[in-house]
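Labels for the chains are A, B, C and D, by order of writing; each one numbers its residues from 1.
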Amino acid sequence: MEQKAVSILKTALRNPPLLTLLLVALVWLAASLTLRGFGAYGHLRYLLELSAVIGIVAAGQTLVILMGGIDLSVGAIITVTAILLPLLSPSADPTGLSGLAIALAIATGIGFLNGAGAAYLRVPPIIMTLAMATFLQGLLVIVAGGSAVSVTNAAVLWLGQARPLGVPSGVMLWIAVSAVVLVIIHRTPLGARLLALGANPLASRLSGINVTRSMLVLYAMSGFFAGLAGILILGMNRQGYVGIGEPYLLTSIAAVVLGGTSILGGRGTYAGTIPGAILLVTTTALITVVNASPGWRSIMFGSLILALLLISGREGRR
Amino acid sequence: MMKTLPLLEARQVFKGFFGNPVLKGVDIALEPGRVHALLGENGAGKSTLINLLSGALRPDSGEIRVDGVPVSRFHPAAARAAGIAVVQQELSLTAELSIAENIGLGAFPRRFGLIDYAALSARASEVCELVGLTESLCTPVGDLSLGRRQMVEIAKALFRKPRVLILDEPTSSLSAHEAGILSRLIERLRGAGIALLYISHRLNEVQALCSHVTVLKDGVVTADQPLAGIDAQGLVRLMVGRDAGDLFPAWELPRRGEELIRLRGFSSGLARDVDFSASAGEIVGIGGLVGQGQEDFLLGLYGAMGSSAREAVIAGRSGPLKSVEAANAAGLAYVPADRKREGLVLPHSIASNLLLPSLGRIAKLGLRDRGAERNLVARLVKRLRIKGETSRPVQALSGGNQQKVALAKWLPLAPSVLLLNDPTRGVDIETKREIYLMLKSFAREGTLIILLSSDTPELVHLCDRVTVFGEGRAVATLPRELISEEAIVGAAMGINPKGSAP
Amino acid sequence: MAFLSRQNLFFSVQRRRNRGLNGLYIVVGLFLLAYAMLFPGLLGISGFSKFTQNWFPLALVTMAQALLMLNGGISLAIGPLVSLGAVIAATTMGGPLGPIGGLLAVAASGLLVGALIGVIVAQLRLPAIIVTLAGSFIIGGIALIILPRPGGFIPDWLSNLLAGNGPVAFGLLVLLLVCWKLFLATPLGLGIYAVGDNPVGAFRSGVPVDRVRVTAFALSGLLTALVGLFVAAQTGSGDPVIGTPFTLNSIAGAVLGGVGFLGGKGTMRGAICGSLLLSVMINVMFFLGFSPVTQYVAQGLIILAAVAIPELTSQWSRKP
Amino acid sequence: AANCIKGDRKAPYTVGWANIYSVPTWMKQTEGTITAEVEELKKSGLVKDLMITDAQGNAQTQIQQIQSMIDANVDAIIVIAGSSSALDRVISDACDKGIAVVNFDSLVDTDQVTAKINTDSNEWGATAAKWMVDQLGGKGKIIVMNGPAGISVSDDRRKGAQPVLDANPGLEIITETNTEYNAAPAQEAMTSLLFANAEIDGVLSLGGALSAGSVMAFDRQGRGQVPTTGENARQFLELWKEKGLKGWATMQPNWLGALAVYTAVQALEGKDVPAFVKVPLPVIDDTTIDTYLARAGQFPADGYIYSDYDKALFDKLLAQ
């Protein structure tokens, strides 16, 4: 019996996603016992709601990082989607779904362009996506502050505000996204290919993997998920503004790495990113309620991340 | 003569990984002025043993002795200090640095704390001369072919003026010419009183160079004796524990099918203006000195490198192939020489490596079919006798088994053209035989096999025709009856044989 | 012949390192030319000094980042560390420590912070990217505690010396490049490349891998903190958040200059060229009278082109 | 004549607008008032050209761009500083060259400028705190929401509130937040605080969209709204009306930009302008909010509803 427990613990220690999940449970337990209000159902639900946004952005980021790339344009894509969506929703469509579809198509298209640049121009993904973020800033100078109106799109508001069966619809969306991404990574040929690409692009190419197509598809997906997150944030805030997506760039990368995925690609899973996202949100929430000067808060936040990393993020090399 | 004191010894060493014993009480003693051969099948534990001898790994039990004195807590720095140098097959070079800087790395001559480039240049050119490296010392190692890099690696070991030199399969990526230089070098080093340990799967080399042999089988020493008086058959018997048949299967007349490849004026990379044709069921050899454009020729055919041609028909399609995917679709498969970099995804499991090219084919409704995948992997593992659990990373396999994985992954596609780039590099004799038999049977089933090999006997015994490359051009094509080691080397050196001009 | 090659080994090695950078050199050269034509004052001492002063901090942080990337690492804490250097300089130089003491304090804190990050990354085998992300919060927090709002004091003479009308900053940059060359001519320096490209091989060759890594982080930290000092001098005071944009810009400069992410690939001269491009581009766009929207689009296009064009041309020229 | 002005520059003038970051909506609106003013002045032949730069949030880039404006010899530079200390030297340089430098919104420390134009941030904080004291009768638990740390504007507003809070020990500050001046992070932070604190009597929000975020957090968690201070963000004003809460707001009028251009040109024309133009803080309360909301349609949804302005107002301000 005892032996079994030990062996379960051992497998957990060797399994980064599980370890990160355990960590989340531990932090939640400790915080609930010590902090008033933390353990309330409403609060935990709210934490999950916030995690959903990061989790959805990080879904695309995970795919891209697993392939050995990175997407620095997710923040800008989120902002662009959130700003454009109200402009795009035709008033003739009461459901608002068409506006949603158009916005997602634009986000996906931006991602696709990222992929095309990386694949055809052979620009390193970091430069390509950084340049894309710059282009999008230019776009924002044009559209932002113009005729943007508060979102009245029914579908968006439902996503951001509704709680069918007591579960926020954003969290439901996240669950659906997680299922899809996990299936993609672990149950489709594309998933196996992107892992191989991340671990050894040359051998993968010689094994007949179409590198160009994989890049196009995956960066497009990353754009899509960033767009989806943008819509969700828009719904939660009822209004988009310039800079709304900025905080999600580094957080999405941090969630991926905290979940045990190698930043170099080829190793990891979205199953780790999920608790990684929750961990980040939890840490932020914990720091918020502490009454300390901004400098000390920042130090505490950094130290907490580092401490969590010590437990979950060991990496063989580098 | 008094028995000389061994410079380096292992006494009753045990070593296992994750509970699997690899070495079970092994003894070995390296004496000055002797070339000691270490033989064994793939996975017998040779690399593990030299890792113990060089301090890279620590034995579970048993001891390592330097100059007869047991050393506790042996580590690489101590080994270097004791004059032990290892030429691993896995290169320890830095692509961006120059030849000279690579050779000196970790042991730079210094002046005022800075690297003394003048001294480095002098000493590096000395060792380069020894190993026959003629490239400018400032050439970045990344620009060199695999064989030349191997020579840099050897030069790097010599640079440290070792007393004990361990060579792990040094010739497997060398051309015959370079191998010749190496064997003369080994003679000289032995004469200078250095203790050498030589690991190779090429028994003729072992017999020519070595005077003493230790044979490992399943982690124990099955022989530790002078080489004199043992012939190749005897060595094989010691290694595999039974009589070995002929290494090469008997040549048989190919049943040529339709013409699968016809090229006129084909160029890609170093390969220039090549005319070439081949038909189903044939085994066509590609030979010549290393680095004459043979590899680029295969890569161009395979669509992995830009190519052009006046006329090209490849597996029924006209025009050169534009991508690997198109090549795979046309029925071409390519097994690269550098399996670690180009052939395998090392950190991934054996199973995922085996499945990589066929993922799309066995997917159902866009999802992977686990059952079918398991069956396929099991079939491949069985057919090629790949040892090791299929969920383990392929980097934990010994070199020979890795090679089998690199070949096996293509079989599910039933390729009609198999492009092989040195498929038996670093592969033990039994596995070689298996691979040869397999190639024969593929050919018999109608596959066209194009075999690029640096191991000339392979070309001689297996091929129906051999095209010899020189300076990027196909300088000669030898028909079966004219193939011999002399003819191939001769053609490569520009001595026109009686064979047909291409 | 043998004699000749021996004498010149160092220099021929240096020449070889220019491979693949010619495209970038041409692009940067064209921009400089355009700038000089739009603003002939650039060729005067004062114009040149001002331009190089404004480029100098970016050049240095790019060097600091490239140093890490060559070694297979990366830092997201560059920006906060610049801020920390700036606030330490601005709070110490007016105090009992004096300017020299302040300089030493900045240098020591940079070395220390860098070394600490290096030890965490090398010894605990944690990914550098997230260690430095966490580090960026901690360092930024410390900067805020030291100086909660812009202020502090830098002696005027120091500001005038570093950021006056003389090309002192440029001189310092040249000096730093010489130091880098010297460092690269030490075993430890070359170890940066070896460890970045092939850590296992480097270890087997006797390169002290962990020591090299920690050294790289420490030197990078030193350089970054000194940038903080320069920025404080340039502006005459300290600002606890002034460094923030440097993090991404340093990465952009290094990657633009051909420094790879996986370590061991690239050169310092390339990185510096990359940072120069990022800097001169701003001035050229101003003199061309670009509107903000055009500035954003043009900036993206220039960055893309600078990377894509050399890559594509080398692709085409390789094809038969 | 006014500071910096040497009298050797003749109309029509070239005006440089050195923006720190042109993307946020407040900035876009401000730029709108600037370009509108420039169009006016063009009509009267006083201005011939407006050059705009965008430093993308990077104070270092802003220094470089102002340097370029000096190099291009513009006649006037109007500037929102990316850092209160960083621009001191380059701005002094501009002033030395006889360029009219008018600094508004985010101010620099140096006095080497033609004019600084701003509302009083200290007063901002003090008035808000006083209103809160009045609302709560001097007793209760409040949360203070600040802008980002390390920025002088947010620090000044907070500092202004402090004496009032000290004088009213009955007001207990439960905790404070520091976030960007944006709704989403503010909402996030406030939500966490709502769970941690069962009793909150007021929210002393010191600017931007922070108040809107706070109101939304209360609303989403089903908590009754409490007295909330804020700024003229359209979203906040609309929520205030919609939720019927007790509110108070002031503003940093976007027309400070137009005023800055106007001031610069006046100074160049030889008029004496005050070195510091203090713009009184307009107050929005329950009595005036409707007049603001009535004009809401003219402003972007994520923008700021600023008070009306005209030349007469400018002249009055400059006559101080």
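Criterion: contacts are C-beta pairs under 8 Å (C-beta built on N, C-alpha and C of every residue); 3 or more make two chains touch, one makes a residue touch a chain.
Chains and their UniProt names: A = ABC transporter permease; B = ABC transporter ATP-binding protein; C = Autoinducer 2 import system permease protein LsrD.
Bear in mind that the values here come from a model prediction, so they are computed numbers and not experimental data.
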item: Touching chain C and also chain D, the following chains; value: A
item: Chain separated most widely from chain D, comparing mean CA positions; value: B
item: Centroid spacing, where centroids are CA-atom means, of chain B and chain D in whole angstrom; value: 71
item: Inter-chain centre distance, chain A versus chain D - centres from mean C-alpha coordinates, in Å; value: 33
item: Approximate Å spacing (C-alpha centroids) for the pair chain A, chain B; value: 44
item: Contacts with two or more other chains, residues of chain D listed in rising order; value: 22, 54, 56, 149-150
item: Residue numbers of chain A (touch at least two other chains); value: 137, 141, 294-295, 297-298
item: Residues of chain C engaged with two or more neighbouring chains; value: 143-144, 148, 292, 295-296
item: Touching chain combinations (by label order); value: A-B, A-C, A-D, B-C, C-D
item: Of all residues in chain A, those that touch chain B in their complex; value: 183, 187-189, 192-193, 195-196, 199-200, 202-210, 266-267
item: Interfacial residue positions of chain C with respect to chain D in the complex; value: 39, 41, 47, 50-51, 54, 57-58, 143-144, 148-152, 159, 163, 231, 234-242, 244-246, 249, 279, 282-283, 286-287, 289, 291-292, 295-296
item: Chain D residues within the chain C interface of the complex; value: 19, 22, 51-54, 56-61, 63-65, 67-69, 71-72, 83-89, 109, 148-152, 155
item: Chain A - residues contacting chain D, complex; value: 35-38, 40, 42-43, 46, 50, 86, 137, 140-141, 144-150, 161, 233, 236-244, 247, 284-285, 288-291, 294-295, 297-298
item: Chain C - residues contacting chain B, complex; value: 2, 5-7, 9-10, 12-13, 15-16, 19, 182, 185-187, 190-191, 193-194, 197-198, 200-207, 264-266, 318-320
